[in-house]
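Pasting the structures in now, so scroll down.
Two complexes come next, and they have one chain in common, subunit A, joined by subunit B in the first and subunit C in the second.
Then we have the complex of A and B:
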């Protein structure tokens, strides 16, 4: 294996890792606070991608990074609004419902997302071209680095840093963490827990929509996008520790590397190392690498 | 304590219900067209798929999100043994059941020991996805295309050539499905009624107390997991010659959600819940089959409505109407 092959493998695995982290971030945030493992997160990620796709088509393609980012932000806002509706109609009613039924209810929501996507956007595969400044690749010696990969890696790191700063350095972020740790005590101290739950859902869904908009050029769009991504996102938050943003970040990097190395060793079985790693973590350290034992 | 109806109806009443169902099922070919006969066969198979899942969920309180792995294992085992190795149907069917039992024994021994609740659900999902990736990449099993052109079998007796039952003709394989699934449903109902079945009910309500009473909780959970895996694999083995094709989609995690849908829709606290759910969902799929998306949307909304507004499932409505006390509660 040449050094340039190693570099290519690293770039590919980091791109995968950050794409998956972008999807997993909102999933783990909502789980950490509301203790809802939301199957439909992948569905709203997919709808976010389609919203960005529709915007790009309406604007005649995105010709600059600014327009592309605007599309992603718009998708984030749209999905956040959708999240408020979902919170009102579904998530609020799941408080106190048994875990198994919560999992199944969010799976039902995923089906609704998939059905709605098929009805609105059709079954056809769609794609969005990246803006010209993100198209093509840089050649660093013999290593070819696609610009879009660097953009996705940068976006993943930016979202991670922003979330960490928000949760640890701002008053509202600390409030979210406090409620995640002990909602009863927070309520006793006069915190409007319901409001913080709603805000968390809005942020989590906004992250799903944003991820959809940011990754739209990296992905072929089809109604199967949701189920593929949500399983990967489940995997990384389980490996990292459910509810932990850092866990999702480093879990996705670790799983990305494991998958890339596995594919190099076992090219005939793509994806298998991911599930083997996920299974081993679930068996040996169910709280995840960075989670706390419950 | 939550009341469930697993033992609400007597075993004799349930066997009578089964008999009526089988008689009605036997009338299907003379009443309906070919397409609907095919769907009716699938409903029988799915009813077993759902009932086996509910042995875990409704009876023993274990949520598996990976039942597709056993269904696909059975389907692939039957298909590969018959088509690739030329084995006769009945031994292939029995071996497919054994494959399901072995797989469930291995997965259950590992997964039930280490996890519970949502973690167990995700763990079984991950195991099922591994099987999905394996069958989609193994040349012997046809990779992504699966195995197609599977023949319907001719049943023969060993050592007696010329004496046999040709299931390739007309609707005969449909009748075979009705008989085989009827037999499996009777077996499942019998297991529920045994002391073992009652012990499972007890450990679902309160594992700790059950342990104190001398019920080996872990062993019982493993035993029912293996039994459910076996029944699921047998159901899968019937689908191979019925649909005449097996594809990796059978092992995809969305197929694991099918028995969950049947069970919740019909009512997980009722023995017949998954059967009713399988019939209802097949009807929904049939009615909405022409417009892509509508069937997902309808299934999702229906399931959401049931979980949020009618957690006891459709059968709890029946209970409410007939005035049976306190049955619509969410099973704990």
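Then we have the complex of A and C:
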């Protein structure tokens, strides 16, 4: 293997990892705080992508990176507002109920997302062109690095750093962590736990919408978009440790590397190394890389 | 009055008892002729399944307006196969159990191959509206399974022949193929065509590189794209399809992969990818079951396009709709010919049938239940139009020149590099 091949493999695996982390971040944040495994997260990611697509279409296309980022942020805000509605109507009712009910309820929400997407945007495939500054590639010697790949990597790292700073360096973030650890004690100390839960849901959903907007030029838009990402998003949060932002971040990097190396060594078995690695990691460390043993 | 009332009750009771005792007889004698439509109505293939459904419903409306089949109105019993063999089998068993013996639909190779044994066992007929497996006419041949569209060998070999004619200097070929039955089949047949037609037409021996296998239904194709970059081929055959193809093309764009090829030949995306990618589309040849613009003047096609527009607001129906339409008309003609909806009679009359379709007359080869049909190929390019793409070339290849001889029960014999 040449050095240029190694570099390409690293860029590809980090692109996959950060795209998956962007989707997984909100999922693991909500699970870590509310202990609700939101199966519909991929559905809201998908709606975020469609919102960004509609904005780009209304503005005559993503001609500049500013318009592209505006679309992503607007998608984040729109999905955060949807999250507040979902919290009010569904998630609050799931507090303290058995996991099986939570899974069924959030799976039903996913179906609602898919149905709503079909009603609003139809069945046909759509796509968004990246803005000119993210189109094309930089050639570093014999290594071709697509600009969109670097943008996705940068976006993933930025979201990770922002979440880490928020959770560990701000009062609000520490409050979220405290409530995640012991909501009963937090309530006893006068913290408005309900309000923090609602804010966490809004942030988690905003992350789903933001991911949809940031990744809109990365893949086709169709009502099945949710399922294309969500399996891998669940994979990285399970491997990383459920509820851990760092776990999802490093889990996605690890699985991205394994998938890329696997594709290099076993081109006739695409996708297989990912699932084999996931199985092995969970056999060796059932709580995930950065999760806590029960 | 009371006496009469009691008599009436007895009459109704007797009639009801007869109906319960002889359900097959009552179904056979009255009511609409029910035909099963088993096609994806949810999941990844729902979009293509919607074309099948629309095409079948338009055919049924047209047949009913013309008096139905054997004087009976036709009604579709529609079931969702999710492009999944297990769901398709459940749907087929339900419909067969309800006494419905005639079925169309099935665009997934795996679905059609799974349905073959149950159709044979339960005495049903299934006509596929676009499945691409060659096995249904070869080692998995079933007399109860029919394909009214172009066979995969006719399609792939017609494409290879066109490449040899138009691009004689493009001799180093690779494939971007989905990692499943359809992908491997289409690539093998295309290679067979390259190996036959390049020496015969271009007087050159083609170099066939290992194809790059594409995972199915995933969000990232970059590793596969960089594997293709390393090959440095001149010609690329693509049989990834639908949303997967769009994602792959979007991600390949960043690497400039498609610009490296002198020609791209797409197996069967018709305008699915072009409509999704618009001006991002890399210029390419693609195979069509039916290209409406090229069939203008064919009265059946013109009416089909008008009815499709009225039903869906889409002025350009794609091939899967045309295949469902052709399947319904094949069934109608076979039933009218034998004046029977009985399975054995319909099979007998479908074999060797010549019938009119939106692409002109087609002939159902009796040996392997495969239609002989011209192959329609178009070259599409990005364009500054409302659609975002335009067709700049259209070629119709005589199906008889490229289809391989029938060999039911035998494995398809292909040249290998």
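By definition in this document, the second predicted complex is superposed on the first by the 294 of 294 C-alpha atoms of A that agree within 3 Å, B and C clash if a C-alpha of one lies under 4 Å from a C-alpha of the other, contacts with A are read in each partner's own complex, and residues count from 1 in each chain.
Everything below uses one rule, namely that a residue touches a chain if its C-beta (ideal position, glycine included) is under 8 Å from a C-beta of that chain, and two chains touch if they have at least 3 such contacts.
Please read these numbers as outputs of a predicted model, since none were measured by experiment.
The superposition on subunit A brings subunit B into a clash with subunit C. Of the two partner chains placed by superposition, subunit B and subunit C are both touched by A:268. Contacts of A:108 after superposition: subunit B is touched, whereas subunit C is not reached.
In the superposed pair of complexes, A:100 makes contact with subunit B only, with no contact to subunit C. In the superposition on chain A, A:138 makes contact with neither subunit B nor subunit C.
Legend: residue contacts after superposition of the two complexes on their common chain; A:123 is shown touching both subunit B and subunit C. By the document's definition of touching, both partners, subunit B and subunit C, reach A:227. In the superposed pair of complexes, A:283 makes contact with subunit B only, with no contact to subunit C.
By the document's definition of touching, of the two partners only subunit C reaches A:19; subunit B does not. Residues 123, 223, 227, 268, 270-271 of subunit A lie at the contact with subunit B in one complex and at the contact with subunit C in the other. Contacts from subunit C toward subunit A in the complex involve residues 43-44, 46-47, 50, 179, 212-215, 217-220, 222-224, 226-227, 229-230, 242-244, 246-247, 250-251, 253-256, 272-273, 275-280.
Listed in rising order, the residues of subunit A touching subunit C in the complex are 5, 8-9, 12-13, 15-16, 19-20, 123-127, 129-130, 135-137, 144, 146-149, 217-220, 222-225, 227-229, 232, 259-260, 263-264, 267-268, 270-271.
Subunit B meets subunit A in the complex at residues 57, 63, 65, 110-111, 114-115, 117-119, 121-123, 125-127, 129-130, 133-134, 137, 253-254, 257, 260, 264, 291-301, 303-304, 307-308, 311, 330, 332.
Chain contact summary for the complex, subunit A toward subunit B: residues 37, 90, 93-94, 97-101, 103-105, 107-119, 122-123, 223, 227, 231, 234-235, 238, 268-272, 275-276, 278-279, 282-283, 286.
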